[in-house]
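Quick heads-up: structures coming right below.
Heads up, the next two complexes both have chain A, just with different partners, chain B and then chain C.
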Partner chain A sequence: MASIHTERETLAYGGASAGLSSRWAVARSTLALAFRSIIVFVTVFFLATLLTFALQGLSGLSPAHLQLSESATPEAIAALEHEWGLDLPLWQQYLNWFGGIVQGDLGRSWYNGADISLLLTSRAAISLSIAGLALLIGVTLGAVLGITAAKFQTTWIDRAITTFTTFVSVLPPFVVGIGLVAIFAVWFNWFPSAGYVPLDRGGLGPWLSHIWLPSLALSMEAVADIARQLRVGLIQASRENYVTGALVRGLSSERIFWGHVLRNGSGPALTMLGMKFPNLIGGAVVTEAVFGLAGYGRFAADSASRGDVPAVQGVLVLAIVLVVAFNLLVNLLLVRLSPASARGI
Partner chain B sequence: MTAEIIDRLQITAAIEREGEPVLRLDGVNIRNQITGKDVVRGISFTLKKGKVVGIVGESGSGKTLTCRAVLGILPELFSVSGGTIDLLGHDVLSLEPKQWTQLRGTSITAVFQDPGSYLNPSMKVGAQIAEVIRTKRGVTRQEAKQRTLELLADVRLRDPELVYGQYPFELSGGMLQRVLIAAAISLDPKILIADEVTTALDVTVQAEVLDLLADLKERHGLSLIVVSHDLAVVAQICDEVLVLRDGEVVERGATAEVLRRPKHGYTRLLIGEHHLYGLERFLDAKPTTPKPRLVDSRPILIRAEGVCVSYDSSTSRRQALKDATFVLRQGESIGVIGETGSGKSTLARALIGLVTPSAGQISIAGEDITGFSAARWRDFRKRGIIQYVFQDPLRSLDPEVTIADTLAEPLLLQGMLSKSEIRDRIYFRLDQVRLQRNLLNRFPGELSGGQRQRIAVARALVTEPKVLILDEPVSALDSANRVQILEILNSLRANGTSLMFISHDLGSVAGVTERVMVLYRGSIVETAATDDVVNRPGHLYTRLLVGSAPTVTSIGSIDRRSRQALREQLEAAS
Partner chain C sequence: MLRGIWQLRAGKLSVLFLSVIILLAIFGPALAPYDPLVGTDHVLADPSAQHWLGTDYLGRDVLSRILAGSTISVLGSVQVAVIALFVGAIPGILSVYLGRTFEWLTLRLVDTLIALPFLVFAVAVTALLGNGIPQAMLVVGVMVSPAFYRVARAAALTISRSQYVEAAILSGASIGWIVRKHVWAKILPAIAITLANTMGTGFVVVSSLTFLGIGVQPPAPTWGGVLASDLGYLNFRPYAPLFTTVLIVLTVLAFNLLADVIRDVSGESGRALLIRREKKRGRTARQTSATIPPTPHGDPQ
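Then we have the complex of A and B:
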């Protein structure tokens, strides 16, 4: 960032302005970063919704296909399209639709006229429960495995973990899902093999027992990726000069690892997590099919095959918001982890 | 007992302790586990309390490995295969990790080259020092911070509060080295190892760091091991010197004795370089009177008038070069001296069109280059009138292209010579830089640093330039290669090529230039005959620069206190 940069230069020059507070510069840079992030969020959101909206025009579909029979008169079609506001100029249609989105209104389904926001909320709750729990498992288990492998670098523990992560990462989630069902649901009969109980209806226990297996199946890829990235990141960070520096200043290796190496070495894993998040949402769709859950993926597939454009658009808008928001969060975390990186952007 | 007697007893005890050995190496061998060879053989020395032992040697001589063995941080593939190391009564070779953690920082510690990399990049520097104090001394956060601020002031950082809250990337090289020294002395260690701490720093900053170490030694009773490839650095501060070569001590003794009567050929080479090409050449000579200025009738090759260059960013504008006016005549050799950021590289870049001046005029060989379009520049460069040699030869040579092709490229581009003429030209230049013809089929990666730099010079020469600009051409080289490059430059001078030699080190420039231009914060503050600059420096900065240059003879080099006074004056003036 320009402000920090110039100040650094004056410092290097030993100039008279070296008394400028660097704390102020850091605060300014954080603010500027937040501002830029919001700009990015808004731009991406705007462009993505524009593309999503264009689906309607590109598909050439209209509610008339769904609601009227083959023998529909042109007048009847025109009347229906007027009722849905499809005779308005395109930009106005987009503005109406966008205005609705901003207020959380995704429009109504062409298929049955139901409120899409409402339909989607109950479906998304299932998918997001699974994706969220999968994320949690992925981060926790991935971190534990990655840290353990790095700490016991080149020993049999490291090799065992590496073998496990390599094995797991080549298995597609649906195969893992079927395997888990076969073992835990059919064989041991510990968990239900299909279905879903909302949190507010059955409480924590039944909710967890229903989403546990799909989440586990979905999380395996994230576990493997995070473990491997973290291992490499930590090993690289532990070879940096500052580790030697801290050592000769009298800090113990343990303290250096947990206090310095872990923080600096987790950047790559975090970056990767940001890139993996869309996979997690996409993977939830496949997992839902294996576990017979009526989640957001099923909703998207059904709506698409029916030609229910507003419903598909609703699904996409939700996905856009989730992915962009998550990446924003990851980026902010990355900047927290490495203050020097705030300079470049 | 009265207080006076107690005082006297303590003083006596202190005198007795003075000279007591704190570290003793006896026949230490260090083995490379993979090759099974001993890379360090039979090193013995004793470090006494309050004394300074210097270890000199080129890279690969084993000096850093020896230090790492003493600190218990040898790289994984290396181990001590013989001898003993006694650190304050502890047998270093049988210490457990826990004991090491206790000893490091409190008894022995180290600072290294490239100080920025030895600090955690994502933590404020103050917090890093405070962390050590807190964990080892068990004091509160507030006390640790207080002590850290004292330490930062102790290493003469101007604004401790400000530096405390800064990240490493916000500090300059000299400041980082001082922060690192502050961190090193935070637990009052007995021994401090300084491994190439001044390498890659500006000469004036080098002297500041060395002065600081000498000062800390006196005030805290530290014992120092100073490691460097530069004999002159060691000569400034050490009581005793060990010269290492290929893992063995080839010469040792009191510093003054070694400098005055070197026995080993390698030591003589190190000292000889200074007498041939360092400031000693001027300082050793009898005091001279200023020569009357003769009218120089040689034709002018480069004329720069009122050249200004500024770098703009979105929020600020920095003048890197202010109103530079000078001439370079045919066959003349001029030195451009200044610290990092003084504008010396900017000046050179303006001459070859890499930056565009915001004001002023430059003409080269009669052509006004200031208004050149990109196409005109291309044509002009193709003619090869002016050539540039960069500091880092590895990065300025294409690693995927053979030496032969690298040398032939500018000539093929000109398209005026036949193949056999090109070959003759290349052979001629190769001989001139004293390289064998069998190197032509190699790639840059297969050459040593010195060879690569000579290839870079040869490449600049194939187009038979009138002017050669050399940007820090010897800064990354060791003694022997440095001498070789400087000799080559002197032979070019004799053949009538004009040279512009840019460096932060007056010493390396003095031997091959007749005039020196001193740049300070973007302005040319002094231009004079090299002899005059060394013996009668005018500007405050030039005086500090001459007084900071490492020399193997103490004559002429001013003392620590005068240097400090100069620094303060300079600071007050700006």
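Then we have the complex of A and C:
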């Protein structure tokens, strides 16, 4: 599988005689690229947490709204704000908060003083089960559809898949969710329409049957996007000169497809996956509501309407960390698959 | 360009459908046969001559609630797109002309906005800022603005390198004059495409938010709210969500179709259309910030 790349690289660096020095150059440029991409991700993380932190100032809320009733005196408010460290300069508050995040400490809730990391863990387990399974469905089904469409391009199979993905891509997740509930939960009564059973409580079966429909609803957008990008990427890669070259050298078309075309043509779909991951994490909010699950989306909405700023910030930070980590992973995978893609961070 | 849209069947279809929807948004509340807020004893009634779409769990006429709710649902998406246009396109154009610091800063901000999990943020921030429609529109508008930033920036980049702009600079034209005279005229088609796409996205997001009850207070009717109340009583009226979902899906489809049609006709002739189709086929997702990104909902091929 790697042969095609090494061939290209040695060609690019002037033949076999320059082998060693070219390898060093490649390693150095890869390091530089890794450094640059880390800078980008760190900046994004920093700006996103800064925006999240700014919510407190923008909303103008303070724990006094939650904990003190109408009889609150200015002294009581000041005392409470001192207790929560809100009388410190803003930059110091940010540093304290950010320092906590780095250690996994999301602070305490204004509403009941509980540790937010603890409150969030059980909720996040629900949301992440759904998002994880949705990711799995999205990648598997998307890959199957995309590869099938590309292999049978311009036949009725290709047209049917393209029509399906085009239609699915405009369906909002909550519409898909309601449709699935109406068909599979109410009409056929195959799956429960609401609720959740933790994996360690009920075992694999009940857990899966509860998160199966929400995950399917959430995954549809990813399925459509991956299938379409993969189809375009594969068709494009199959028109490259090296495919003709491999064909001339007598390689079987199956081997060319799975070894060369798939490797080179899956980059766009992977990039798309990285770009759509935030939607998967964010879309969980709506899916949870459709299926009556108490995940982090519900937690965020409830906390927000109570004015519990630190709890909301906790959810947002968790989501940001997930997105940044996942995109870093996708980028690494892209570089591994095709070194040229590292240029386009 | 406008005539071109009308000449294509898909264009005619989407424009006609969207006109109906927008008329509905303006006159819908006046057309409602019943008061959308007042319940009756006819709870969860099936469709009949009196109540064409039946009644909900409080005995309110569903058709009246959909008609009355169309204002927020449809005009909301237009507001979102307009806010996003101003928040995104202006820095996008300026990023090419205002030097490297501004460019770097706005590019990273756009990266950040794209990386944020959209709906969680929209829900949380709207609720924190006071849970009203203006807050919701503002938050969603800012969050979808990167699409406009990128389109405007890409157009401005190509134009800033073209020779007639160079000539204008040499003959002493100011940046403001060049932007007004050359840049705007060139990026208008790209902006129109993004505008149609963003209205589609904005519509989905506004529907999602109202479905969650974010941005509106409970008795106020919205399309998302009608769906949410139907969902709770699916065992009694399993067909109930059908009409609202079809309405929502058709509206999103129409916006996306319109974006596609504008893309097709924004070239001058049929030949341009063919070249564009060819280019479109060769398009990939791997894009840097300087090129036009795939929109959140993509474009049907």
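Here, the second predicted complex is superposed on the first by the 299 of 345 C-alpha atoms of A that agree within 3 Å, B and C clash if a C-alpha of one lies under 4 Å from a C-alpha of the other, contacts with A are read in each partner's own complex, and residues count from 1 in each chain.
Following the convention adopted for this analysis, a contact is a pair of C-beta atoms (placed from the backbone, for glycine too) under 8 Å apart; a residue touches a chain by one contact, two chains touch by 3 or more.
Note that the coordinates shown come from a computational prediction; the quantities given were computed from them, not determined experimentally.
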Practice problem: Return first, second, both or neither, reflecting whether A:Val309 touches chain B, chain C, both chains, or no partner chain. | Solution: second
Quiz item: Does the superposition put A:Leu95 against chain B (first), chain C (second), both, or neither?
Solution: neither
Self-check item: Per-residue touch tally on chain A - higher for chain B or for chain C
Solution: C
Self-check item: Partner chain in contact with A:Met272 - chain B first, chain C second, else both or neither
Solution: second
Self-check item: chain B versus chain C as contact partner of A:Ala114, first or second or both or neither
Solution: neither
Practice problem: Using the superposition on chain A described above, determine whether A:Ile281 touches chain B (first), chain C (second), both, or neither. | Solution: second
Exercise. Using the superposition on chain A described above, determine whether A:Ile38 touches chain B (first), chain C (second), both, or neither.
Key: neither
Practice problem: Could you look at A:Asn264 and tell me whether it touches chain B, chain C, both or neither (first, second, both, neither)? | Solution: first
Practice problem: Spell out the residues on chain A that touch chain B in their complex, using ranges where they run on. | Solution: 2-9, 11-16, 18-19, 21-23, 240-242, 244-253, 255, 259-260, 263-264, 337-340, 343
Quiz item: Within the complex, which stretch of chain A touches chain C?
Solution: 40, 43-44, 47-48, 51, 55, 58-59, 61, 162, 166, 169-175, 178-179, 181-182, 186-187, 193, 224-225, 228-229, 232-233, 235-236, 267-269, 271-272, 275, 278-279, 281-286, 289-290, 296-297, 300-301, 303-305, 307, 309, 312, 315-316, 319-320, 322-324, 327, 341, 344-345
Exercise. Give every residue of chain C touching chain A within the complex, in rising order.
Key: 108-109, 111-112, 114-131, 200, 204, 207-208, 211-212, 214, 224, 227-228, 230-231, 234-235, 238, 241, 245, 248-249, 252-253, 256, 281-288, 294, 296-298, 300-301
Quiz item: Hey, which residues of chain B end up touching chain A in the complex?
Solution: 71, 73, 97-98, 101-102, 104-106, 108-110, 112, 114, 117-123, 128, 131-132, 135-136, 158-159, 162, 165-167, 169-172, 175, 180, 183-184, 186-187, 313-316, 318, 340-341, 521, 571, 574
